[in-house]
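A, B, C and D label the chains in the order they appear, each numbered from 1.
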């Protein structure tokens, strides 16, 4: 059982990744081409089977507009629906570590290994990788569960995170792999 | 207008301060004797009139039991009901500053002056005072809007916070007072 | 070997605890009466023998005046002299956790158990206890290695930290005791 | 006078940027080609003339080896020598914001505008830009005062920071420019 492991699914909310949401023209084409949502569903299922914990990061605000908490837009995409016992981490800025409950969740659950994916590659995912690495976690990035505005932009992030994380995919990941730098 | 001012109302939730809640035997007698809820209602009304922002800190968890989010127990006491535009700050530990959205709220709203009260005096209030002082905020404590398990315990906290905050009361407070150490 | 244990010696610097320093009239009498420096020397020796790591917290600034870094005033008291391999944690405010290297030291060394003492009881020690508790560390306070401006003030702190830490003394401590709340 | 402005010079220490240091083969060629040290000297002079504060970030450890504090290797490059009143910010990990004194320096000096440059572009500079942006600072990046292992790597970072910072150069910068996103 991957008891010291958490899979952090970043900003896979309807406003950002649903085909009917307001980002259908910005992130939509890349999400469809990369099958980011479907690959994330695969990875989440494998994480659950391996006994890893799941944390859903959601950017959200109380004010009206995009990313309004309590509306469809900030719910996790229905294909990736959270289950009882998963963690819900609301953030207001880019990094899942800044001004959120993530630190207390990681400490209280003895997490040492952190798998990360989501949108965008250069926003939440890169910040999670950098901040997690600084704090001493073994960070793994699930390449095909991420998405940026272009493949080039995504690849630039992968080049960067390779220096501090282990990069894998939804097909390869076991949630038991060794951390290698 | 006290535009750079926020009143942080700490843990005034039903599980802790309602006469019908599970803390009626622990904090109940002191809350009744000190009129903590009523005094806090007075202070909140004055804060709103002065144009200060209001932040409600609520300890809360997603698991079943006391302090469960989404239940009556973690709602703010009905006499102190939040209004649209107030801030909702959920915490998991004692200090309102640790692993919460408080930092982003204070920064995004240009807050420099922080009024604090709530339960318990030695828990959330003392931590908010100490952490706020460390971070360079001008901190004011509303003495009669706090409560501990005994008056002696509360007074010990007041003695401590006097060295780093300005102590006032719901009757005296204007939310425009000068910070004095 | 207490490999997951760190003893945090707070602000035992000449400006605050040396008999010839500028605090000889403020903290001096209580330090002498409580034998705080001598007791701390005993505790440090026991910590070293037990294999615990030692971290010296020092308040210090680059500007002229009291607490100036690089001067005698901010050196650790000669009876408590640091050794190679000990950690030096410079802070600018009250809590040893705020804006210091403490977090990275604790994480990088796998510390879970934190022993704390120093001056003042209500300043650095209380903040370290509260902040350490919030972050999930098992915190122990060494009562007779602390000092406040009066015994009454110190006792008020001990009453508070009892609720979240295990309180012990330089005579009793083994650095292997079980954490009990 | 740019009183609310700080120029954060990241990791311009001998071990990383001196032509005779251990990084002469890794960063050396790009540093020489881009004239990073010379450009930074220009920018520092302009920052001083504009009344901005200067903060030198230095990665450093107490243990023997590269980046050992107290040795030539962790001193700032002689062409960029700090002056009295500048800030010295020692870090242990990548981001200048994590487990350092930066937060207390920014708060205590009322800093709102943060200029950033240094090595490497994808390490300290990108982390400073991301973390500063999350915390609500207006962040400016001085392109020609940065350096990565290749121009391609540096440009990938510039593409990313463009989305959250204003990018300028040592020739153009006035330390009074308007922040534009």
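As a working rule, a residue touches a chain if its C-beta (ideal position, glycine included) is under 8 Å from a C-beta of that chain, and two chains touch if they have at least 3 such contacts.
None of these values were measured; they are calculated from a predicted model.
Trainee: With chain centres set to the mean of the C-alpha atoms, which chain is at the far end from subunit B?
Mentor: Centroid comparison gives D as the farthest chain from subunit B.
Trainee: Could you compare the number of C-beta pairs in contact for A-B with that for B-C and name the larger?
Mentor: Greater number of contacting C-beta pairs: B-C.
Trainee: Between subunit B and subunit D, what is the gap in Å from one C-alpha centre to the other?
Mentor: The separation of the two C-alpha centroids amounts to 39 Å.
Trainee: Centroid of subunit B to centroid of subunit C, CA atoms only: how many Å?
Mentor: Averaging C-alpha atoms per chain gives centres 29 Å apart.
Trainee: Could you please state the distance in Å, as a whole number, between where the Cα atoms of subunit A are centred and where those of subunit B are centred?
Mentor: About 34 Å, centre to centre.
Trainee: Identify all positions of subunit B at which a residue touches two or more other chains, and write them in rising order.
Mentor: Those would be 93, 98-99, 103-104, 108, 135.
Trainee: Provide the residue numbers of subunit B that touch subunit C in the complex, in ascending order.
Mentor: Residues in contact with subunit C: 93-95, 98-99, 122, 126-127, 130-131, 133-135, 153, 156-157, 159-160, 163-164.
Trainee: Using the touch rule from the top, collect the residues of subunit A that touch subunit B in their complex.
Mentor: Those in contact with subunit B are residues 62, 87-88, 90, 92-93, 98-104, 108.
Trainee: Contact residues on subunit D for subunit B in the complex?
Mentor: It is residues 103-104, 107-108, 135-136 of subunit D that touch subunit B.
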